[in-house]
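Read from first to last, the chains carry the letters A, B and C; within each, the first residue is number 1.
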Amino acid sequence: MPRQLEGSRAVAEAVALCRPEVICAYPISPQTHIVENLSQLVKSGELAPCEFVNVESEFAAMSASIGASATGARAYTATASQGLLYMAEALYNASGLGLPIVMTVANRAIGAPINIWNDHSDSMSQRDSGWIQLYAETNQEALDLHIQAFRLAEELSTPVMVCMDGFILTHAVERVEMPTQEQVDAFLPPFQPRQVLDPDEPITIGAMVGPEAFMEVKYLAHAKQMQALELIPEIATDFKRAFARDSGGLIRSYRTEDAETIVVALGSVLGTIKDTVDELREQGMKIGVVGIASFRPFPLDAVRAALGHAQRVLVLEKALAVGIGGIVSANVRMALTGLQLHGYTAIAGLGGRPITKTSLNALFTDAAADRLEPLTFLDLDWELVNRELKRMAGSRASGPHAENMLRDLGAVAAGPV
Amino acid sequence: MFEVRIHGRGGQGVVTAAEMLSLAAFDEGRYAQAFPSFGSERMGAPVVAFCRIDDHEIRTREPVMEPDALIVQDPTLLHQVDVFGGCKPDGFILINSARSFDELGLGEFVQGFRHERLLTVPASELAREHTGRAVANAALLGGFAALTGVISLEAVERAIRERFAGAVAEGNVAAARAACVWVVAELRELSGATPA
Amino acid sequence: MKAPAIRFYQTGSFAVGNRLLDPEQRSVQADEQRSNSITCGHRACQGCGEALGARYALDAAMRATNGQMIAANATGCLEVFSTPYPESSWRIPWIHSLFANAPSVSTGIAAALRVKGREDVRVVGQGGDGGTVDIGMACLSGMFERNDDVLYICYDNEAYMNTGVQRSGSTPPAARTATTQAVGPEPGNVFGQGKSAPLIAMAHEIPYVATATVAELRDLEAKVQSAMEIRGARYLHVFVPCPLGWGSASKDTIRIARLAKESGIFPVFEARDGEVTDVSKIRRQVPVEDYLRPQKRFAHLFAPEPKTEVIARIQAGAERNIRRFGLV
C-alpha cells in the first residue's frame, strides 16, 4: 500500500512491524524523528509488547541493547555521527559477544568542526567493528533493509547497522510501500537466541579470553561475515518473493554491461548518479554505475565481477581517510587486484555539501577522458584552503581554522585582523 | 519533472509547505519528493525546501538548482538571500506579499520573464483572516495550484487536512481557497492587460 | 527487615556463632544449601575482600529471589578473577560487557525481562569503585534516574586494583596508590577530592540505598534481603579491604573492615527515598590510627616520623561522619 512518508517515519513503522522488544534511544540529529516516532508507537500501545527506554547517552543505548539482547529480547537502537563514536567501545563488545542487535545509522559527518549534515564518515569509522553494514539508496530500501537486517542478524547472531543518509533520506518525504504486519511476520520469525541469560540454565557471557583462544574467537566474527556474503543475497531473494521488489543484496549494477567507465558509490547519491549516467549515455558515453549495498562484509567477488571488464573505475565517496584518501576505493582496489584498469577516487559531499548533476557530469566526463588525478575533491574551494595554508605558514598564532575560513567566506562577522 | 523551491524563514512552515505539496501530488497519483535544505536549526534563519513532482520514480537527490517554480514565503529575504538563483525565464514565481513585483523592487530583474507567470499574493493576510495566524504556507499552495496548474486545489485541500486537524486544517483550507481565488483573478486581469 | 537483634557476641570480633542461634537467625552463608553463586577455584588474592563481599551479597540475593536472578558485572578484579578462560566461577547467569556500562546492561536486562513478562527474575549489577564511581557514574546515574528495577552493588576497595592500584574517585585522602605516590610535600592522595557514591545515590531519591562491610555478614545479608523486597533502583555500597592494594595482611581483611566502621571512617547506614532511615551505630569508637596502622598504604603517615597533622585531618573527617550520620 503506497504511502507518502518522511523517511524517518517509514523506518520507524518498518522497525515496529519487526516486533522489537526493547528499544533504547538517545536523540541526535538527524535520527531524532525515528526514535520520536517509535516512542509514540510504544506509548500509544500500537507497538506492544515493547519496552522503550530513554537512556542517558549513546553508550548507554548500546549497552542496554547488549543487556536486552543477551536476555533474549529483540533489541533496536538508532544513532549518528558523534553518537556512534560515543558507543564505539560498545559496538565492538556487541559484535564480539555475537548479539544480533539492529541499529539505524542516520549518516552524518563527524566533528570537529561540528556539522550535522550528511556524509559517511560515521559508519565508515566503524567499518571494522564487526558489525554488518548495509547502505540504503532510497527510503524504500531503508525501510526494507531493516526488515532484512533483523533476520540476517538473528540467523548469524551478529549485529547489523542499516545506514541511511541523514537529512537527505531521513527528512525526505517520498512514496514508499509499507508492508503489512502479516507480510513481515511471515518473513521474520520470532527471535531465537543462540545464547541467553536464564536462571534455569545459567551461563557465563563475556569472560576474558587470552592469547590461547582470542584469535579463534575473533576469526569467528569474520567467518560469520563470510557466511553473510551468501546469506545477504539469499535474504534479498526471499524478500523479493515475499514483497515483490528488489531491495538489499550485495551490489546493484546500472548500465554497466558495456561500460568503459564505471562509477562506484554508496547510498542516496546513487540516484543522482543514475540520472547523470543517463544524460551521458544519451551523449554516447559508455558509462555505468555500481551501487554497493553491503559494505561489510565487502563483496570482493561480486565487485570484481561487476567492474572487471571496465577500462576505468571512479569511486565516489562521502568520507575521507585523512592522510591517505579514499576508504571505499581502497576496498574496491582489493577486489580488483591484478586487473589492469585506471582507478580514480573522488571525495564528495563531505559535511553535507550538495552533490549536483552538473558537477557529476563534469567529473564523469573528465574521468572518461582520463583527465582526472588519482584523488579528486569534488567542488572543493581551493582558494579558501590556500588562503588558510598561507595564514598558517605566516604565523604560529594563526588562529582556529574553521573560524578563519568562515570569516573568509563572509559567513561570520569580521574578527580581529 | 517539475521542480519547486520554497524560501522562507525558520518557523514559517516552509518545510511543511514542501511536504504538503508532495502530499498533494501523491494524492493525484504522481511521484513527489520533498526535502529541506538545512541551514541553522533556529527560528528566523533563512530556510529553503524543495519539492520535485514527476510521473515516475524520482532518483536524484541534489538540491533544486533550476526551479520550474519558486515560492517566496518571506519577502524580507528578497534582497538578503539569492532566492532567484537558477530560476528559468519561463519559470513561475509566487511571492507572499501585498505589494507588486515593481513595488518590491524586482521590476527590472523580471524583465526577461513571462509576466503571466510572476505573481504576488497577500498570503499572510489571507492566512490571518482565515486562521488567525499569519502562517502563509498553506495559502501559498492554493495560489501555487492556480498559478501553475501542476496540482489541483482539491489535492492541496486534501494535503492540508492530512497534515493538520480540526479547525486549524479548515482555516488553512479556507486560506488556500482564498489565495487560489486571488491568483485566478490576478491571472485574468493580467491576460486582459497590455504587456509591459 | 533489620538484621535480627542478637544480644551476645564474641568479644573482640563481635562475631556470632551460628550454632548458638536459631536456624532462622543463621546467616545464608551458614546454610549448606546456599547457592554458592561464585564458587571456589577463582583466582582472587588470599584475603580478597571483594570475593568475600560478592559471595555474601549474591548468595543472599539468590535466597531472596528464590534463585531467579541475573547478574551483570563491570570489568575489574571480580570479573577477571572469576572468569579465567576457559573456566568460570559463576553458578548464576552472568554477563560481563564493558568497564563503564554494568548499570546500563542491567537496565537492558531488566527491560527484556519486563517485556517478556518475567519480572519474577531480578537483576543485580555489580562492579568495583572504579567502574561504579568514576567511569560508570553516568550510566549509574541514568539507571537511578529512570528508577530501573536493578540492584546495583559496588564493592569499594578504594582504587583501581586490577590494573595495579591506581587512584579512583573513591580513594581516601593520604592513601598511597600508584598514581598518588607517597612522595613529595603531600604524600599519598590529596585532601578535598573524592565523592560519596551512596550520597549521590541518595540524591537521586531512589527507593533504597545502603552501605555495608564484610565485617558484618548478617547486616550485609539483611540489606540485600531488604533491597530485594523493593522494586526500582537500589544501591548497595560494600566496603571491601584489598590486602594487595592496601598493603594489609590477608588475615586482617575482616578486622580492618570492622575498624573502618568503628572509627567512623566508613558510615554504615540505610536510606530510603533520599533520606537516612537507619544507622548502624559504632559499638566502641576507636581512633583512626587503629584503622590506618595495619595498612602499608598509610605507612608514610607513621614513618620516618608521624604526620600528626594529616592523621588529625583524617580523624576530623571521621568525626564529621559520626556527627553527620549520628554514628555514636
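Operating definition for what follows: contacts are C-beta pairs under 8 Å (C-beta built on N, C-alpha and C of every residue); 3 or more make two chains touch, one makes a residue touch a chain.
Keep in mind the model is a prediction, meaning the values are calculated, not measured.
The chain closest to the protein's centre is A, with centres computed as averages of CA atoms.
Relative to chain A, the most remote chain by averaged C-alpha coordinates is C. For the pair chain B and chain C, the distance between mean C-alpha positions equals 66 Å. The distance from the centre of chain A to the centre of chain C, with each centre set as the mean of the Cα atoms, comes to 44 Å. Annotation: 34 Å between the Cα-based centres of chain A and chain B. Taken together, the chain C residues at the contact with chain A in this complex read 67-70, 72-73, 79-80, 83-86, 88, 90-98, 100-101, 104-117, 121, 138-139, 141-142, 145-146, 148.
Residue ranges on chain B touching chain A, taken from their complex, read 18-19, 22-23, 26-27, 31-36, 38, 41, 58-63, 65.
Listed in rising order, the residues of chain A touching chain C in the complex are 21-22, 24, 49-51, 53-57, 59-60, 63-73, 75, 89-90, 93, 97, 197-199, 201-210, 212-213. If you check the complex, the residues on chain A that touch chain B are 2, 4, 6, 29, 116-117, 165, 167-168, 171-175, 268-272, 274-275, 352, 354-358.
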